[in-house]
Amino acid sequence: MSAEIAAAARAAAAPGTEIGIAEPAFGSVAIDSAAESYLSAVGVMDVVATALAEGTFDADAVVLAGFGEHGKDALQEMLDVPVLDIAESAAHVALLIGRRFSVVTTLARSIAPIEDRLLLAGLAAHCASVRACGLGTAEVDADPDGAVAAIVAEAARAVREDGADVICLGCAGMAGVTEAISATVGVPCVDGVAAAVGLAQMLVGLGLSTSKAGVYAAGPDNPRSHWPMSAALGLR
Amino acid sequence: MSAEIAAAARAAAAPGTEIGIAEPAFGSVAIDSAAESYLSAVGVMDVVATALAEGTFDADAVVLAGFGEHGKDALQEMLDVPVLDIAESAAHVALLIGRRFSVVTTLARSIAPIEDRLLLAGLAAHCASVRACGLGTAEVDADPDGAVAAIVAEAARAVREDGADVICLGCAGMAGVTEAISATVGVPCVDGVAAAVGLAQMLVGLGLSTSKAGVYAAGPDNPRSHWPMSAALGLR
Amino acid sequence: MSAEIAAAARAAAAPGTEIGIAEPAFGSVAIDSAAESYLSAVGVMDVVATALAEGTFDADAVVLAGFGEHGKDALQEMLDVPVLDIAESAAHVALLIGRRFSVVTTLARSIAPIEDRLLLAGLAAHCASVRACGLGTAEVDADPDGAVAAIVAEAARAVREDGADVICLGCAGMAGVTEAISATVGVPCVDGVAAAVGLAQMLVGLGLSTSKAGVYAAGPDNPRSHWPMSAALGLR
Amino acid sequence: MSAEIAAAARAAAAPGTEIGIAEPAFGSVAIDSAAESYLSAVGVMDVVATALAEGTFDADAVVLAGFGEHGKDALQEMLDVPVLDIAESAAHVALLIGRRFSVVTTLARSIAPIEDRLLLAGLAAHCASVRACGLGTAEVDADPDGAVAAIVAEAARAVREDGADVICLGCAGMAGVTEAISATVGVPCVDGVAAAVGLAQMLVGLGLSTSKAGVYAAGPDNPRSHWPMSAALGLR
Amino acid sequence: MSAEIAAAARAAAAPGTEIGIAEPAFGSVAIDSAAESYLSAVGVMDVVATALAEGTFDADAVVLAGFGEHGKDALQEMLDVPVLDIAESAAHVALLIGRRFSVVTTLARSIAPIEDRLLLAGLAAHCASVRACGLGTAEVDADPDGAVAAIVAEAARAVREDGADVICLGCAGMAGVTEAISATVGVPCVDGVAAAVGLAQMLVGLGLSTSKAGVYAAGPDNPRSHWPMSAALGLR
Amino acid sequence: MSAEIAAAARAAAAPGTEIGIAEPAFGSVAIDSAAESYLSAVGVMDVVATALAEGTFDADAVVLAGFGEHGKDALQEMLDVPVLDIAESAAHVALLIGRRFSVVTTLARSIAPIEDRLLLAGLAAHCASVRACGLGTAEVDADPDGAVAAIVAEAARAVREDGADVICLGCAGMAGVTEAISATVGVPCVDGVAAAVGLAQMLVGLGLSTSKAGVYAAGPDNPRSHWPMSAALGLR
């Protein structure tokens, strides 16, 4: 999946933008629950903390490639460069090109966290619906064409029944889906990874980054045990 | 702080209710940032997962004693018994006894996560304000009486300026503050730990627990590395 | 109906909690309109005022057993002990154990007042729907099994179409419905009377009661004629 | 107070409109609490029910002259002619002539019920504030000029601090206040009684009345004791 | 269409009210897009500016007869007499006689601007839906009876599926539709032109007009070229 | 002012992006009212329609440089390339880098239209406030340094009193203000022109443009007189 995400990011990036991929050193192979989302948030915090500690952090911006997952605010505290969430990024782009967007994701259990993410980000007012096609990661892997067809069908329902005029693809790493939706359903389809790469480039281009005057200021240095965790686990 | 929380919980518990205290095996000594909140969520997940794996989990309900912190939804997925969050619990109790409540917490950086928690829980409509007295953990420890005075003063402002008629105490483990607020400001003051203990007893008494028909159903068993983490860290 | 409500309350009560039942001395035999709801509110005010005047009021808390009806705020003004409304109580409990609840009531004309009650209480944000099975009191009495089936069917629709993961039973005094919903639909079902009894015990246990610092302060003693009304009517 | 309200209504009425005044046969001399508001709602229901029973009801529309009080929905169920609430009427007129209105009332304890009334009526979005000058009925009677000055001062604060460009007068029967506010504060001031009379005439002129297709349909004829109450009390 | 609107206005007007009709000197023959709506707003501004410049403006109130179109705020700035919008007027009247209203318009592309108008006016909370029957102006002209049938059918859907108990007719100049809806669907139907005429008469009767203390104050006299435009175009 | 806007746009543009400036052929020299905003919307429509008719339209995206003004939706109907509004663009960027933003504009009468724009765009939830420094265009021109100081002071109030952690500059063409705010107030300041240029580049880079499946579809070709207006006025 990381390879597919990297490919999508690179396809969206402007010439001169270099895309690096970092994966947590521990955690779950897929994120389909709140528990896995928290574990993943700590995993990406660990990646960043390790790079900062080792002096190897050199990105101009960071994109978190989990749709509807936790972690953005923690990285915003830790870093001075912009941090982008792919669910929020997709919603921003959708609002720029349409009036009402729907998100189409895989499993029904992902609907609630995506709704929560949009609500907390102040981006829910024009969200027509968050829908799921009902296929899990394994099923998507086993039958990619069937998965694309299921997602396209759900996107068509969002347009017809919920009044969406833009679709946000609520999962990362599915090549070809955005084109299939645009072609079949006749509305623009926004991929969150591409949107986040584009917005990251935009922020870097404008010289803007996370405000440190509010809740994203660096946290107090409360003592922590076993941190960074990957080091404590003997993984680095 | 755990001892103070335990004392507050035991003071609130009905006769016959036994209060056990569990602490994460790793993480931060205090929670003053999103990063620490995620770390703490994983820490409590680890405690629960370990107890479940060892067959030693025997609680009738679980209270998460971080005001405005993450983790409740993950435990709701993992457990069949009720899981209570102290910020939400305080808000429920406040709504039962007043028209508009304010939360008074310590640091200003805790305001946003508390607002987020209430918004996501659908409990923000009658929240008059979330206010901070501006003292950190260290200052509270160094001058407990001054801290109480500062919290009482902020509570008085919430009543006078924001129209609150109930105060929720937005931090755990501060003995004597609820009495000081009630006595000085003249409005009921709700301690989240006590509220959660009372509500947990209520749910157990009614034989009700988390719905497993929606987002809190047990998650799929995606493979995880280094889990439970405390075992992987050699702590158990 | 009062007997059924009493039975439900007693079934929910903790050992040591004594349940008394008080009925208005005048008014309507059932509450199916705003007019009847106001009449009922005055009826319960009269019961309480009479008991206060006679010095016989000795409850530790009061539960109003009309789902979506008026009167709670008036009793909160009149009394120093907690006053609970069964619609609000059901919603509080539902929010503690699920993400989105639906209310299932009998007549369609009860939907609007229930929606109003939840909106005013600040508990509407996670209400997925208020639905009616369409049966009136007489029909429920004539065919209790059919009524249960109709309510269960409507609850199933709320789960399937509206995304509810908890059902609140929007009427009092129907034995066996909560079990039927839980068993058939597979989601927890909250009975408002049981919820209110549980929450009343919780408040009493925590030593909390209605804030008198705001709108629930005792009202000014404007002169009233024919009050308490039951005495003026020669009923006491 | 009834005489002053009648005078205000007559001053607002078009030539040819006849204003009748009806007062409850029982209840409180003033309405300063939820309890008194419910009692008043039943009192006006009784007036209407008595006139309907006696065949003497002949109004083309009914105006309820309590600002923020209960009862409109009950009369809408009972009657086929339009029923107007003075708080809602004032808000409608304010929205037609400005962008944001504030309500200025007498006692602080009236703020919450006025807010509730506007919220339930779907008219709260452009309400800048509901403010109270802090004077009770007795004080207003004792020092009318002082009361006018206090209300004008509060209206000025609403304009300056809350951004209101229209003021709604949140109490009935205070002659001269609307002129004082317009003259001193420089914004239009809407009196609820005048607004309701104007809107009632408008509805009658257009041949429109309450929809009977929804919640305002006539209620079921549940048996009632002691009704109409004034007859049961021997008052008619 | 102007003739039909004039007829509807005159039918709604009280004896003694004189209805004048003014049409823009330039622009589009129908308004089915945002572009046409802006053009129409400038067209009515031009009519008013010309009359003001010529000293021929003598209306006591102005009604803008475009349902969901721009321009009201500009005229409110320019004029001292009340300015009424037919979409807002219809919603005000609907709220006075029902609990939830739906708007039925012709083309689907008009739904969004009507929703926007109601949202900005603070009148959206009780709007059950805005629906379109899908017929354009040409089709309505070609088959008036079919158009009425299509609108009635959509109104019936709004009542049955969306819970509306009042229908607002979302287009001007269609004689006979309100009667057909009331007769067939059984709910009151509000015509925006009639509503605005009635509300205009009400405001004039009460001596109230637009507040000049806020956003509707006369604008600064920034230099403009080619204004009034009709003069610049050689049309006057 | 156009020159300053062009300079700001060029400073924000990436290498290779060419910035063209188009001004309406008629209208007002400044936009300080709803009337001027509508006139300006028609002016930009005329510019675009003329270019389309002449075959000279060749932009990859269009930015409307009026903060809180009308017109974007009309251009979205007319064009296939992305159309950006500077108020919405500033809000999008602010949400990406902070939690709560305030807008600081010049005249108080611009506050309402900016609030309206954000509300309609679904971007109001995290807007802490829209504030005005009270200076008009003339005063800004007469004393640029004083104007910068006044805006910076208002931005400081927004941060201190309203909890903003990002400031959006609510007017176009004021060089040096963003730097002054960042330096003095310590929060990021977003200029709408720069934001819109960045977002336009982002959309073009991702190959995305306005959805034509909903309200932004090309309008019906209703006959128009005097269009394009600049031609009718003899200006082209």
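Just so it is clear, A, B, C, D, E and F label the chains in written order, and each chain counts residues from 1 on its own.
We adopt the following convention: a contact is a pair of C-beta atoms (placed from the backbone, for glycine too) under 8 Å apart; a residue touches a chain by one contact, two chains touch by 3 or more.
The UniProt protein names, listed by chain, are A, B, C, D, E, F = Asp/Glu/hydantoin racemase.
This one's a predicted model, so the numbers in the text were calculated from it and none came from an experiment.
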item	value
Shortest path length from chain C to chain E (each step joins two touching chains)	2
Any chain that touches chain F and chain D	E
Shared interface partners, meaning chains that touch chain E and chain F	none
Interface residue overlap between copies chain D and chain E, same or different (over half shared)	same
Turning angle required so that chain C lies on chain F, C-alpha fit (0 to 180°, nearest 5)	180
Chain A and chain B: spacing of chain centres that average the CA atoms, whole Å	29
Rounded Å distance, chain B centre to chain E centre (Cα mean)	53
Centroid distance [mean C-alpha coordinates] between chain D and chain B, Å	44
Residues of chain B touching at least two other chains	99, 112, 214-215
Chain ring listed from chain A, with chain F in second place	A, F, E, D, C, B
Contact footprint of chain F on chain A as seen in their complex	12, 14, 82, 84, 88, 92-93, 95-100, 121-126, 159, 163, 165-166, 185-188, 190, 194-195, 198-199, 201-203, 205-206, 208-211, 213-216
Complex contact set, residues of chain B against chain A	26-39, 41-42, 45, 70-71, 73-74, 76-78, 109, 111-113, 116, 119-120, 136-137, 214-215, 217, 219-220, 222-227, 229, 232-233
